[in-house]
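Have a look at this one.
A, B, C, D and E label the chains in the order they appear, each numbered from 1.
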């Protein structure tokens, strides 16, 4: 970090930034390769990175694997979408009407730490297994980051900006939608990015426990119960999940930069 | 076989009287589930006028809600879990047909070649893995240990999922491994692991593990289907008794066992009849271990059409 | 404002009581063994954990042997995750270079489902506490990290320029300016991480080799179909989550007092 | 139009460092009047303005706008805040910032935009409509805030040091703009300023506040021949006299 | 002390709405001089100041402070930002805000606090040290920013419309304070103001900038008998003359 970095030195050119990213990824892969090849970690349980990636590439032509991936993708997208549809309005409500926040807080905080494993049988009993179970659990888990970032985002809104609109006779709802929401939108999207990751994890994890034969989690589960366990398959699956996470994040960041140009430009970041 | 061997009635002539013909049964991705796949493969259900679909689930607790809300008709599950659920009142079970029993060498307590554990006595105070705590593995082993003058209470059980048994074992986190097939074969062949004890020997020989179970409610509604289903499973059991090939053929359909391994593993026994006496043993041991709140009379949970 | 506080508290309790009553009635009417009434759950909780001798504050052996280790794991995991998240988040938010190098890998790791990596954790960390800790930290670090990075990136530019003009040392800028202005967002992340740490604590107790803990009791209850015990553990987690959150809010109100006052928030 | 009766406001009431910003302040403003308020820094002028706008609830006394007690923000009100840069919305272009309040006016999109451009033009910001607030200089941002208030055509306009950040020439032009707008549209204006000359030049009346807690220490009617213009009005003997008078009142109660 | 050579700055370079804020600006300031800069709103004064402070890298030309080309922020520099309220740290009390930069000065905690209190006192804020910025009025916040810069005792002080939000009396006091401080401590000051009288009253030299893109259109030495005081200096014929001169220069290039 140079002395001027804290006040945001001019960003490095895009090529430099991408090569740095590649360098980071390569270093990480090299670390795994090294751990495995030197035997620090038993290669039977942590195969070298080259093998994992090689297997991941060949998996693409496996139609069964593609089917698993598609199933998971569907559950992920539905869960995340629903979570956002529920959490943003709810966050706006709880973040702007203190009495509702206070009244519901005990319930919300009570419900939140319940782990999905404990919920699986109960949810399965009430709404059945399959896609709806996965989607429900994904919604349940990825709701919180969006909800909390919305609530905390609202608190960071400049009170003078709100007063400005109020002084023109706009009601609380208009102030909420026209000032608080746009002003906290960048932080809400950070919550959404968090949720996207959580949703991915929950999709696959639920499938590992209760996938009913379909999804990336099931692929991973089956590789695990083989004898000996197909660690390369497991980690190749993990590789694709992780890579998907990276791509989704990159797309969201790009979308953020477009949508919140005002935010990033003011902060002196590359637009 | 036991003293009161239950014999199946002759095959029903037609599907005419069946309450329903389409069945969905939850199974596990383990060799024990083979009978239903053989029955499908060999057209035994068809013969009974049934169209059966097997739905693989990852663990039997997952299937219970499915059964309760009608997504499936019956499930393949281990008796210990089923009896516990029955005891706790979460589920009124009905055993449609027996499934698998432990055969010699299909379960094994094993030690690594350089381990100091040589005999059953050496197991005292040691840490052993189980798939799920408080389940049939512990139940059977306790009986065998007692028969070998080892106090079962000294054993420390840790729950280790299937794929993590090997790293935990070689990493020294468990002293001896409680393995089932196909791991027994693989561990013997690839690691030179030594067998210390067969948990399915002596008092626990032919220990019943899993069976096909529905709810009492379902059974009351579909008695004829239940009987037909039972016949098909028992016929499959008979077919499998001396014929490894029919089993090996279906294994890749629902397990992760390849053909080469399938040729060498030890299969469990697939029951071709129902026997309340041997099943009662499981319930009695569970009561003894205080896993049940009250005694269960197993025969009352079994299908009367074929027992006795 | 004080009167408002009392009113809110009363309202809050009212809502809670009504909900519990509805729950009790609904479960009694349905009579499903999967959904025992709250009274039965509480009775079970009492029997399982809170009927001990006065010497141990009425905790039973089961409570001491399961709840305390769980809380220990959770606390250690939360502390580790919070520290790692804050440090990495600040680095990522402040240094474009660190961001470039680490972004890809961290985004990758963030999307990876920990249950798929249990074996890898096992070979890297071995059985028991170390693995559980690594598991918890790895799972909860992300909200702290991302929110902190976001906060550090959106420090008021004029604040940074003021620092630069007065040539404050890097440590001072960090401690006196960047950190305080990042705190509000960091706290959003920490609050998420707190209850996440309870959840992941449960997951970590499903890991190979665990022999105690609330999560262990949940799976044990689940696999033996002891539904009241499972519900007891769920309710215990809920209560713990609620209490931890209240403590968290007290801390937050102290640390972010300036923020709430300046934003004219009534809390 | 505006009646303020025995107003007082205490910040942080109850706590040991409570601050009495306003105490026993009485004031009334007729419809169409342009009232200038001057007073030492920190005396309570902005507090008074916020109270009139219904943004804070004063701890004592009463404010009536058009006969109604102010509880919420009165209708048809516009405020130019002292901290203008924070009152602009960073996510909107300058034109959108100005056009936003017009949504209350039943105008379609095109007419809103036209009105915004016209207002921007009148404050000398023609051509800046596409920029974002952070791309403007301080004085330009201040003028955007003024344009926003002007475009809204309020019946009561509150301005808190609205010309503090612009150059002398622009300031004079804006002063004249306010005078012109006031003449065309029936508008009551309360304008806080530190520039004594300005208060006399634009005001129909100048009210001088004491140092904190603020109350009225001087209330001068400005009788200057209209129409006012920057050169002759400022040379007028009455102007020179009034200005000295206001100056004396302010100085008598300054803080330093 | 300060040499600016052919400076130019373009915002948003390359893009179609690039803005030329400064073009070909030359200026040099001697050590100990107090230079006032006036110019129309939006011409580029703040941009110039930021360039001197090393906060933005100008797109052309060069700035030297004490002979060194400015790449980073020069040592011993203080800035009073135009957007003063945003430059204060909301999580710190007023005293802490003022004392913070003194950490660079090798002072122990007590001495830092003393220096901060003294500076606050000198801007008329004695007693406000425990408050938080949001509890202050606009003018008080501005004075905190001034106190912070003064307490730091820089060798080069850049002030961007530092007295815009305070009342006339306080403004005069602050002007005199700046004059006094400049005399006591060897300090070079560059002060941006819109008040032409002020520029002549406090400045040793007044530089007038053109409208955007900014360049120097007038550079006047102020020879007024010292020590200056608010009454006699402002009556001095040279003052009146200079003020008219500056006014003419500014008006010739106003934007509106």
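Just so we're on the same page, contacts are C-beta pairs under 8 Å (C-beta built on N, C-alpha and C of every residue); 3 or more make two chains touch, one makes a residue touch a chain.
All values derive from a computational prediction rather than experimental measurement.
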item: Chain B and chain A - chains in contact with each; value: C
item: Most distant chain from chain E by Cα centroid; value: B
item: Chain of greatest Cα-centre distance to chain D; value: B
item: Of A-C and A-D, whichever chain pair has more C-beta contact pairs; value: A-C
item: Between chain C and chain D, centroid-to-centroid distance (C-alpha), Å; value: 49
item: Mean-CA-position distance for chain C and chain B (Å); value: 40
item: Junction residues of chain A - those touching two or more other chains; value: 3-4, 7, 42, 45, 121-122, 125, 208-209, 224, 229, 234, 263, 266
item: Junction residues of chain C - those touching two or more other chains; value: 34, 119, 122-123, 161, 164, 206, 219, 222, 259, 262
item: Junction residues of chain E - those touching two or more other chains; value: 55, 72, 83, 86
item: In the complex, chain D residues that touch chain A; value: 50, 53, 55, 73-79, 81, 83, 86-92, 100-101, 104, 132, 134, 152, 158
item: List of chain D residues in touch with chain E within their complex; value: 11-12, 17, 19, 38-46, 82-83, 85-86, 123-124, 130-131, 135-140, 143, 160-161, 164-171, 173-174, 194-196, 247, 250-251, 254-256
item: In the complex, chain C residues that touch chain E; value: 156, 158-159, 161-162, 164-169, 172, 176-177, 180-181, 183, 258-259, 261-262
item: Residue ranges of chain A in contact with chain D within the complex; value: 158, 160-161, 163-170, 178-179, 182-183, 185, 260, 262-263, 265-266
item: Chain C contact footprint on chain A (complex, rising order); value: 1, 3-9, 11-12, 16-17, 20-25, 27-28, 35, 41-42, 45-46, 98-99, 102-107, 109-118, 121-122, 125, 144-145, 148-149, 151-153, 155-157, 159, 186-187, 190-191, 193-194, 197-198, 200-201, 204-205, 208-209, 217, 220, 224, 229, 231, 234-235, 237-238, 241-246, 248-250, 263, 266-269
